[in-house]
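Below: one structure in structure tokens.
The first chain written gets the first letter, and so on, giving A, B, C, D, E and F; residue counts start at 1 in each chain.
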Amino acid sequence: MLKGAFLGGIHPPEMKHLSAGSAIERAPVPERLVVPLVQHLGAPCQPMVEAGQRVRRGEVIGSVDALVSAPVHSPVDGEVVSVGECLTAAGTRAACVTIAPYEDQDFEQWVRVEGRDVPSIVRAAGIVGLGGAAFPTAVKLVPPKDLEVSTVILNGCECEPYLTCDHRLMLESPDLVVRGASILRTTLGAARVVVGVEANKPDAAEALRKASDGTDVEVLVLPTKYPQGAEKQLIWAVLRKEVPHGKLPAAAGALVHNVGTAAAIAEAIDLQKPLMERIVTVTGRVARPGNYRVLLGTLVSDLIRAAGGFAGEVARVVAGGPMTGPALGSLDVPVTKGMSGVVVLGPDDAAPPVDGDQPCIRCGRCSEACPMFLQPFAIGTYANAHLWDRAGEFHALDCIECGACAYVCPTRRPLVQLIRLAKGALLAKGVKP
Amino acid sequence: MKHLMQVFVRGITRENPLMILMIGLCATLAVSTQFQGAVFMGIAVIFVLTMSNAIISVFRRFIPDEVRIPMFIVVIASFVTIVDLVMKAFVPSVYAFLGIWIPLIVVNCIILGRAEAFAYHNGVLASIADGLGMGIGYTAVIVLFAFVRELFGSGAVKFLGATLVGLPSWYPAPAVVLLFPGAFVLFGLFLALWRALVSRVGEERGVCR
Amino acid sequence: MASSPLRLVASVVTTCVVAAGGLAVTYSVTAPRIAAQERAAEQRAMAKVLPDAARFEPVAPVLLDAAKKAAAAGQIEGLWRGYAASGDDAGWCIRVSARGYGGPVRMVIGLDRNGKVQGLTILSMNETPGLGTRVESEQWFLKQFTELPAGFGDRDVRALDAISGATRSSRAVKNCVAAAGAAFLAIRGR
Amino acid sequence: MTAAAQLALLFVGAALVNNILLTRFIGLCPFFGVSSSMSTSIGMSLAVVFVMTLASGATWMAWKFILSPLGVGEFLYIPAFILIIAALVQFVEMYLKKASPVLYRAMGIYLPLITTNCAVLATATESAKPGFFKMNIALGSSLGLGEALVYTVGVSVGFGFALLTFAALRERLEAAPVPEALKGAPIAFITAGLLSFAYVGFAGWFGL
Amino acid sequence: MEAALVIKAVGALGVLGLVASGVLAIASRRFWVEVDPRVEQILSLLPGSNCGACGNPSCFATAELIAQGEAAPSACIAGGQETADAIADLVGAERCEVAALVVARACGGGTQAQRAFEYRGVPSCTAASRLAGGPLACQWGCLGYGDCVRACPFGALRLDDRGLPVVDLARCTGCGVCVQTCPRGGTKLLWLVPEGSYVVVRCSAHSKPKDRKAACARCCIACKKCERVCPSDAIHVVDGVAVVAYGSCTACGACVDACPQQCIDLYGRGRGVDAMAADGAGPAVGPRSSSMPGTDEPAEAS
Amino acid sequence: MSEASPEGRFVVAAPPHIRARGSCTSIMLWVVGALAPAAVWSLVSMGTPAAITYASCIGGALGAEAVWNAVARRTQTLADGSALVTGLLLAMSMPPRAPWWMSIAGAVVAIWLGKMVFGGLGWNLFNPALVGRAFVVLSWSGILSKLPTKGWYQTIDVAGNGSLDAISGATRLAIAAADRAAKGGYGFDLAAQYQPLLFRNLQGSLGEVSAALLIAGGLVLIARGIIDWRIPVGYVGTMAALAAAFGSDPLFHVLAGGVMLGAFFMATDYVSSPMTRHGRLVYGIGCGAFNAIGRFFGAMPEATTFAILFMNGMAPLLDRIFAPRTFGWVRRDG
């Protein structure tokens, strides 16, 4: 029995075998890249280019001065076709720069980023959390003065079913991950740096161990359980400390970064390379499931074409993991920094769609599954009746939206959606999280 | 006159103490196992309500605000005691059935409520009309409810020894109707029915006004 | 707008005085009537349970005390000697109460000279309508007591049937009868 | 039976077996009125425990030292007792308002409701006036002061317990898709009825 | 004996009364607490729906603020002119004019709007709009799950059979709760118009007219016909969508007749339009009565 | 815009996009399946009267739900299986020879008053089957106590014992209670009753025929994770402990009466039991305590129905008291 299992959680079918075995390949350069100017959590960037302008690979095309933000770089050499609104995976419309790449691309060349120290280089490289949240990494490298970060945790859990991009990265480039980990540790002045890997990826853990030989990077194998990769659960598993309600993880003395982010940091520091591409798992009902190195701004439709197109009947296409990723209404949305996968679900794999409210039979499975020890049934029930205050009494704002509750619900209540509604209403009322 | 009539009718329909204002419930549920007891309970309430309304209305200018509640309640208690003694003297069997509920008329929220809300601010005639209306509204409901409960709970409705209505003998009277769970549940259903039928009428009148 | 304290006190006291006076008068008017009602009810009950007797006389306090002591199962409230119109001894009437489900069950029990139950009736009870009150409405129940032998004891009473679903009320009635039997044994012959 | 056991029985009998709300229908107005949320029902329960105990003590004294010696209790007890309760409640309300606004906000706003709460008058009468106490415990025809207080506390705790239970049930019903005609009071009555089904189960416990 | 009983009774109850009233009399002096009676009075004048449009959490809080003079007598938005006047009289302030508002819906799509994908989940506009922006192809359109209907504290909205919320102008107080609730509130799908407005354009889309037409059969196509027929120069196509200038509109109804998309409606409680009749609450009577009873939309052209 | 999907429009719903197997219906069917052996055995042992009771209870429950849904214009909810479970549980708590009309009345009350008035499945505050049973027991105790019975106990004098809850005439429990009241001890050997109580007990309700089959069914449900062990363990454990404390045979008291049916199948009803772990344990203990005290010191020898109903009423309060601590709210290290 591995130590470190948090309480609650679920064991969904992993479905990682579809793509875990195939090495990362580069997706072809599409005819057109649509690069959104907001690919992160925080202030949107202002366009720095205009239509008709030539851009070089790595050139900044969007930037803003706000603290919580990250610049956007052109992933290719090409010509700006237009600057305007387009649809994003989240369904919102955002300013985008559309670029027509030239025929010949040299992937070993880029406009180098510059900076005084690690945080400023990371910022200039436009690095954000690649696990999905897309929070600007530079901000996290400068924690509040009153909080001491004693442990940096690298998240290599990849607990979402289907996704294998982190797995492949750890397996194929463990040196990058270890190098990133060391940079993070020294930058933050932390005593420890731990890479947490779920037990279902023994080969990745082994590769990391080998790579970290002789460095101060620890590799910790954690039990396989969803959502092991959630920030608070991971900190608890490694440190046995709870992040206090409403506080930053640093309050528990820890900081969590995704392994992919660490690799990107290593590249930014050592190679002065901005974030222009990422590894995306394309899996499920596609002809060639696998992991692809994808230029940011590639449309999902192009990516699916690169993976051989749909195989069989398709019910839903999910951007990211099937537990938390948004379902796509249209495939003409670009890959962004936070998109770790495109999962194509058939009618049999996907959750049966539910209309309206289903009765809660109070079986209590959602409470058992909730890694935050909430009572999702109660929040859902009150949210459904628009009794937001009551939902707030059940700590709706502490929900991390991992989806474990809705996954186990035997009557298939849309619990996550209901809780999100409650959270939205509570925040609108000015309730502090 | 028209005004008095309005006041009177209001107590029975739009502001029915039991069905709309939801006050004075305790005795209703407790004594409605017996049609006969309910009738006498109703009469007692009408008497106390009307008399106390009248007296309080007459003396309302002499009642200081600070001690109005104790004074109201002494007046009401006196009439209740009169009812108590008279019933004991003349209808002992009914008195034995009603038991503690006669003294508890004092704290029936309807009576103090009307004294405070109506009689203290209105003239004698209007107060009497109000008392009668409220009392009759109360009595109508409690008698009807008791009728239903006794009929379905024991198979027949009796009044002073005579059987008024009886169900066929094969009807297996469920005793639960007469027990306290039955009282609550039936009153809930009664309330729903009343709201569906009677209140709607009241609402429409409200619009026409 | 606060009134003077004197006025407050005066108005409350006046109300109280008037109310008290009125009630005292009402009481003195109704009190005899209430007493008469109670006596009449008692007489009616006694005549019913001991039909042979024409008049009833309360027994001496000594006997009543003895009876009270002897009756463990219930509480003896009154004890009368019944006399037939001819002046013969007709038996005893015992008013007795025992705890039931909703309060005391008060009964009057008539015993003949030998201590056999002549009749019994329930004066008052507060049992659950439809359940406990079946001790009165189901006639076989009270009737079975008249078949008890003269000089019956506690065991004899216990052996009789109870009404299912009304255990406590049945037990109260049985206790009353058992108490009456015990009282009779204690005062017999005196 | 020892005296302590007797008192314990008296308490259990008053609180559960003869629960004043669910088996005797006394005090229903606040039961339905303030049970819509937990916090108000907690305040109400506290107020009832407090006032009921004071009132029972006061009426017991009044009976013992004024009404009974003068021989006027038989017809004066109703006005006398209710006058005592009304004055007491009003006094407590005024006092709390001035002395402890916090406590006043917590339970003071329920105090006016208590004057017309039949539970208080019923319990005070049962405690003070011989012949009204109906429980099946051999305590003689009237209660001593100690017994009266134990009984009263038992009744009021039973009141509070039933009120809290009921409030918790109603909180669950808040979001329920109850049929339109039954919304509000009717469903509350039905819930109370089903809850009192459970209290039938107490019938005859310990011979009470 | 009777006399003795009466005296005893009088004595007993008299003493009790004396004690009780004496204690209360003293207590009422010692524990006197000042309460502003005007709070209660103001509260009784307010609508009491706790809609929150005034920015205070409850009507009681507003009443307290008004009584303390920290809020204007006209603070209550939902109450309108009458309430403001009554409160002003009560607190002895000057009466002032309140700009009365009602809510209007700038979308006529409903079931005729195109869906980009199939939405399955909680039937709520807010929830739907958060999943890929909602199923409508038009990002400005009414999603039709009725969040506004549920939110309205005055019961002034209902969903009609086109899946669109219609306003009962007799009940609408212009409190704006629906506007705050509507996930498209920021794009003026629901918005507050002055009470004296007469027409409303049932489209608020800002995409290219061509895209718009593909997304919805009922959109404004910026054809400018309304602009040309308007005798008082009160309607103009701004940013690709018709906009009414309420100051100069005279409710002549020319634009309503001219619109080829039937996307302009007579509306509002203004002069000549019966309050009960507007926006689907009943047959419209006024300068022009082309509305079908029960809808706020002219009869189908086809 | 290119239409990339082969079928046209996609489905968009909130995450998660995958779901665990199992549904409300499958849970209900598992409960039915776990009850089935005991039910079939009782049917075999008791014959036609049992068949009539089963048919009228289940038919009444399904019919009542269908009628309510039709009248209230709700979507039909028979497929969720909850009405079937309610009907089956009600039947198993009825005496075999109960008149058919009584079974139907109980089933209708169970569904309408116990469930539908609150808004249907998931909203009922009390176990519907127990509401139906309590209604029947309180309404027609007189008729129930006079039902024709057969078996060895008829030779035992049960005079002086009638009870509110004695739904099937003189059950073993009733006899035990009567004996205890009369003599202060038991007139028969309790240990000798284990075998009939476990395998073939023809006195009592339909669900009391075989405690062994009920236990087996209950264990299957616990093993499948459908019911929480805390409730039955708390219930049965408390019952046994208190029986021993009151100076009687714990095993007899656990096996006799409806304790097994109640502990495994009635008290564990999801909707009317607490949702928190501690709450469930306390709830089970409360059921056991109420049942034991009611059995030894109450007016009725069998108090299962009211014990569970009472604790149903307490469930929301228990959930409030034992609400889980949210992660991160109170610091807890290690």
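Here is the rule we go by: a residue touches a chain if its C-beta (ideal position, glycine included) is under 8 Å from a C-beta of that chain, and two chains touch if they have at least 3 such contacts.
For clarity, every value in this text was computed on a predicted model and none was experimentally measured.
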Problem set entry | Required minimum of steps from chain A to chain B, each step between chains that touch | 2
Problem set entry | Touching chain A and also chain F, the following chains | D, E
For this session: Mind listing the chains that sit against chain B and also against chain D?
Result: C, E, F
Problem set entry | Chain pair bearing the highest count of C-beta contacts | A-F
Problem set entry | Distance from chain E to chain D - Cα centre to Cα centre, in angstrom | 46
Seminar exercise, completed: Rounded to the nearest Å, the gap separating the Cα centres of chain A and chain E is 42
For this session: Report, in whole Å, the distance between the mean C-alpha point of chain B and the mean C-alpha point of chain C.
Result: 32
Seminar exercise, completed: By the touch definition above, chain F meets two or more other chains at residues 10-14, 113, 120, 123, 134-135, 138, 141-142, 164, 299
Problem set entry | In chain A, residues with contacts to at least two other chains | 326-330, 353-354, 384, 414, 417, 420
Problem set entry | Residues of chain B whose C-beta touches two or more other chains | 66-67, 70, 74, 77-78, 81, 85, 175, 177, 179, 181, 185
Exercise. Given the complex with chain B, which residues does chain C contribute to the contact?
Worked result: 1-3, 7-8, 11-12, 15-16, 19, 22-23, 26-27, 30, 33-34, 37-38, 41, 124, 126, 128-131, 165
Seminar exercise, completed: Touching chain A in the complex, chain D uses residues 171, 174-175
Exercise. What does chain D use to touch chain B in their complex?
Worked result: 22-29, 32-33, 75-79, 82-83, 86-87, 90, 115-118, 120-122, 125, 132, 181-182, 185-190, 192-194, 196-197, 199-200
For this session: State the interface residues of chain F toward chain E in the complex, per the touch definition above.
Result: 9-14
Problem set entry | chain A-touching residues of chain E, taken from the complex the two chains share | 116-118, 120-124, 126-127, 130-135, 139, 150
